[in-house]
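Each of the two complexes below includes chain A, the first together with chain B, the second together with chain C.
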Partner chain A sequence: MARMSQKRKREAIAGYLFITPNLFGFLVFQLIPIAVAIVLGFTEWDLINEPIWVGFSNYRNLLKDPVFQLSVRKTLYFVLVNVPVQSALALLIAILLNRSIRFKNLIRTLFIVPWVSMAVAVGLTWTWIYNSQFGLLNEILVKVGLDKIPWLAHPDWAMISVIVVNIWQFLGFHIIIFLAGLQMIPREVEEAAIVDGASTLTRCFRITLPLISPVLFYDLIVNVIGTFQIFDLPYAMTGGGPGQATRVYNLYLYQKGFQFLRMGEASAMAVMLFIIIGITTAFFFRVVGRRVNYDLT
Partner chain B sequence: MRKSIVLLVLLALVVASGTAGAQKVTLRYMFWDQNQQEAYAASIDEFMRLNPDIEVVMELAEWNDYWTKLTTGMAARNLPDVFWGHAAYFSAFVARGALLDLQPLIERDNIDTSIYYQSLLDFWSYEGAQYGLAKDWDTIAFFYNKDLFDAAGVPYPSDDWTWNPQDGGEFVRTLQLLTLDDQGRNALDPNFDPKKVVQYGLGDIGGANMQAGWLNFVWMNGGTGVLDKPYGSKLVMNEPECIEVLQFWSDLVNKYHVAPPPEATVAGGSPWDLFTAGRFAMVPAGSWMLTAGRSIEAFSWDVVGMPWGPAGRYSAFNGLAHNIYAQTPHQEEAWRLLEWLEGYESQKIVAEYGCVFPAIGELVPTFLEAYAGRDPENVAVYNDMAENTGTWPMHVNWNEIFDIIQRELDMMLQGFVDAETTVANIEMQVGHLLQ
Partner chain C sequence: MKKPLHLVGEVCFYLIIFAILFVYLFPLIWQFSTSLKTMDEVFRGFSLIPNKPIWENYTISLRDFNVGRYLLNTILVAGLITLGQVLSCSMAGYAFAKLRFPGRDFIFFLYLGTMMIPATVTLIPTYVIVLELGWVDSLAGLVIPFFFGNAFGTFLIRQFLQGVPRDLEEAAEIDGAGYFVIWSRVMLPMAKPALATLAVMTLVQQWNSLVWPLIVTQADTWKVLSVGLAAFRLFRTIQWNTMMAAVVMATLPMIVILFLAQRFFIQGIQFSGLNR
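What follows is the complex of A and B.
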């Protein structure tokens, strides 16, 4: 390695200075708690008495626990439905918003508002809308002569109803990321393609998407990681019910820790989620990451 | 010279305030019911007047956050010194050593515990130690909206009304007359459309509502309840009397259509909101809801006792007490506060506000007087309901057990499974928690 030039060195120092506040926050509020959680995962701790070292027994118990297995399946389902639909919708809307259409700013704002709202407030509002007996949605269905739908009342419907709210709530966030990517594409590239006679679809698939593939990839990773950790919406909307229908991973983790006073098991669950997310992310980097085109950056 | 005098005075002030501050102890007091805030603030003001060396800070945490706050507080070794306890959570806390044993203090100070109802004291004893005295007690009855009864031309329920699990009896007939679809047809009308109900006879019958809901009916049908005995290790929900009642409870929703499925009241605002909005003609309500009922202005209302079942009339009987955090640095002061709050003078102050039935029997008339000349007229039925009471299920793993029971019962009430399967599902899941 060649020695850093004077300029690069100065830049590096400035860079570290810039990230110092964030790094400090990361250490205090993330890294230390993470380390504590890893240790607690090997203990039995009821929050009241001193933790007792139990080795891997929390992990063994969890792997045998049918509710734990169920919560893993529920979460995978959530991720598999949420991520593709949400990203595709956001991309479509971002492409539309990137053109000059009327009321562009108003529409953008409307998509951002749910994202900046509190998830619990959003969840509660939707439980009123979804309410099977007195809710707005079913009131409309009945008015137009259709049957009521048990949105949150039936185990077959509840999960999809929660996912729909999640997709809607964070659409704005993904739209912003995609818009930023789209605006990186130089106008000349697009114009050159038009001159060459490429159709809109060809331009989209051959030029736009490859050029913003780093952004697509980034969004995919962020979305997968975020969705694995879904908590507030099911917590506020269904409490994991009806029955076990929406009992996602983090909801069960929360219950284990704070309701059932099994903080050791809850910590072990957190560690396992970390591993699951780590493996998934590594998988995406290997499989999808290679095909990302970094020409623009 | 002048400068040094000023310095000396300042120094004296600092020392004086320092020692005064050291003498004054601040106690944190946590509770969950806003309806009782005013009454307890009055009592605590009086306590602080009598005990100038103690400062009490009241912290209100709503029921839904209350227990999470307590448990996280324990983890952080930062718990309020004195706080309200509830039978449903007591067993988990006491078994883990979070609460202070009061027995030595009771004996030291010769506290006369005979002024309290014995069954209330029993709630707070565990393995021979006593963790609370008694703050109040409550029973269950039904609140009903008189205006909706008048509009439907149904006579108000009488104190000797009845129910049975086979056809529901007088109880279900009353509810059917009070359940209306969007065309104003009641649930007995052959053209009644159960999919378009705008007003239900009954609300708040979810699986979570054990205390004011299904458990009372299990007892009234001759069933034991949930566990064979307090801290018992046997689930007795498979008794035929219990299964019969759970099926009846499901029928209220799925067969008679006189009550909404639990999801509709969990997600659609609380059952209480729907009652005060005139969507429910009746709700089962603990006596602690009486203060909340005072704010009802849209209609006139009253209370009626539980309907008589095949095995008579029963109510859950529960009481709160103040608990002291085992690790408090101010044990002596906390005990003085607890002694005051459970004592005669404080319970008298609180009873005069009419919030909750005092744990001291002698003060019950004082409490009832607070309701003279206002709704509900029959407030005394809560006192009658205390005649026959069932035993509250207690278990060190109760939170986990109840989470399972509540989920499975809700599935049943939504109409997906029958009572027998539900109980079998519960049994299967709670087995390892009961050992």
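What follows is the complex of A and C.
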């Protein structure tokens, strides 16, 4: 008995030693910063003078700030266009690819090439393609007899142009996930439906979609959470402009914190982003989550 | 009788798929094409294949626009972080999967709990820490905050090692192996696919990451590619050909690694997308 507990003790010590580096990083660069961010949100601080406690006034000021309101609207717009279009396109291609095919690995890999490419580089490439004067897109438009479009140069067009690039860049990522989901559907189910004489469309809506709804649902949530935090592409392509046309949430947060040095307000913004994401996720679980079919997983 | 029709259908199917892929990847083809053109050709409009490929665009970009420096910094930073993460997460993943110690489940629960919190929340406090330590504009400032791994990596390795049968450890224990030996001689070889997945996912993420290097480097000395390239937008006159050359150099290494390690990328994506 004494030897047993001796062994347990050694095991516990080994356990703590093995997690030490990881836990150190987690505490110093994750857990403590989260706590500090919440505290900083209640202060006014420019990194130089001592922070001043201001209570909830950062939050009150932000809610009244027209640029903040604009950045929330811009971000919501980004999410609401990006997520449905991206999911629908990815699902369509995944269904197309979901059969025994040759070059399967090659095809899947080619679809995730944009995903492994640096967002800044992708953004610059598209800035060139979108170029009003010499860009490829306007070149094509002129060739087919249409007018040039000021893709990134005009406030009415800039946002949708950036969203298109985002949809393009992450499409392959979602294709891979949906394909994996589709392949979890047992062959017999599909075959039984074919025997029963169900048409392709019926099979798609009555069998395929309900059966992969857990995968769809999870992907949707991850996508919404990720898109709320969009930064790299608009930073590289427009910097928030023209005017404030593409000033999404995290761009404004970056500006507040690291250009205006208002660390308190920027921290409050970060905490608010977390709250917004939390509310949205909860909403999704309540409204959409109920219809998800978990029978098969 | 049915065979020829079937064959036509097959061919059509692949034609459609590769047509979609061609359009989908065309922006990258165009990027490469532009990187090899003269400025005259760049503005002359639609021609995919340059008259005479100008490889000097690449050397100009490396030298005159400092891309060589950025490239070296990026390799160093992304490489070091990947090394640290794989090591630290594989150690912790082993402990969480196989060893019993008080507080284990609580700590792991905390890990999972913070995975949902947006990265922006930790940004400012982490910057303050790095500032206080005097690590702004240094390799340490770029690397250390990510070096010890994150919840995602530990979670990935733990899930994988939980599937490793107990007999293997017991056999090693009977041979008198300590925990360190079990970790390095039994667990690490077993976990190779998971380690490779974590490595490529981390490498790509760090190679491409913008926000942290952007705020922690002001001088050119330690700037990485993403930060250096993002500044191109602000130049008054843009030389699209040398810029696209820089862009190719920023993306090509990860594309090559993608093709070398396809399987692990697919696994990594599936893990992050299917795990509930």
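One rule holds for everything that comes next: the second predicted complex is superposed on the first by the 259 of 297 C-alpha atoms of A that agree within 3 Å, B and C clash if a C-alpha of one lies under 4 Å from a C-alpha of the other, contacts with A are read in each partner's own complex, and residues count from 1 in each chain.
The criterion applied here is as follows: a residue touches a chain if its C-beta (ideal position, glycine included) is under 8 Å from a C-beta of that chain, and two chains touch if they have at least 3 such contacts.
It should be emphasised that the depicted structure is a prediction, and the values quoted were computed from it without experimental measurement.
By the touch criterion defined above, A:Asp46 reaches chain B but does not reach chain C. Put chain B and chain C next to each other and count what each touches on chain A; the higher total goes to C. When the shared chain is aligned, chain B and chain C each come close enough to touch A:Thr127. When both complexes are overlaid on chain A, the residue A:Ala153 reaches chain B alone and has no touch with chain C. When the two complexes are overlaid on their common chain A, residue A:Ala119 makes contact with chain C while staying clear of chain B. In the superposition on chain A, A:Phe258 contacts both chain B and chain C. Contacts of A:Phe26 after superposition on the shared chain: chain C is touched, whereas chain B is not. When both complexes are overlaid on chain A, the residue A:Gly241 reaches chain B alone and has no touch with chain C.
Using the contact criterion defined above for the overlaid structures, shared-chain residue A:Leu201 touches neither chain B nor chain C, since it reaches no partner. In the superposition on chain A, A:Glu11 contacts chain C only, with no contact to chain B. Residue overlap on chain A between the chain B contacts of one complex and the chain C contacts of the other covers 47, 127-128, 131, 134, 237, 239, 258, 263. Within the complex formed with chain A, the residues of chain C that make contact are 13-14, 16-17, 20-21, 24-25, 27-28, 30-31, 34, 42-43, 45-46, 87-89, 91-92, 94-96, 99-102, 104, 107, 110-111, 114, 116-126, 128-129, 131, 145-151, 154, 178-180, 183, 204, 207-208, 210-211, 214-215, 225-226, 229-230, 232-233, 240, 243-244, 247, 250-251, 254-255, 257-259, 262-263, 265-266, 269-270, 272-274, 276. Those residues of chain A whose C-beta lies close enough to touch chain C in the complex are 8, 10-16, 18-19, 21-26, 28-34, 36-37, 40, 47, 93, 96-97, 101-103, 105, 107-114, 116-122, 124-129, 131, 134, 136, 139-140, 143, 168, 171, 173-174, 176-177, 180-181, 214-215, 218-219, 222, 225, 228-229, 231-232, 235-237, 239, 250, 253-254, 257-258, 263, 266-267, 270-271, 273-274, 277-278, 281. The touching residues of chain A, when paired with chain B in their complex, are 46-49, 127-128, 130-135, 142, 147-148, 150, 152-155, 237-244, 255, 258-261, 263.
Touching chain A in their complex are the following residues of chain B: 67-68, 71-72, 74-75, 92-93, 96-98, 195-197, 260-261, 263-264, 266-269, 274, 279, 397, 399-400, 403, 407-408, 410-411, 414, 416.
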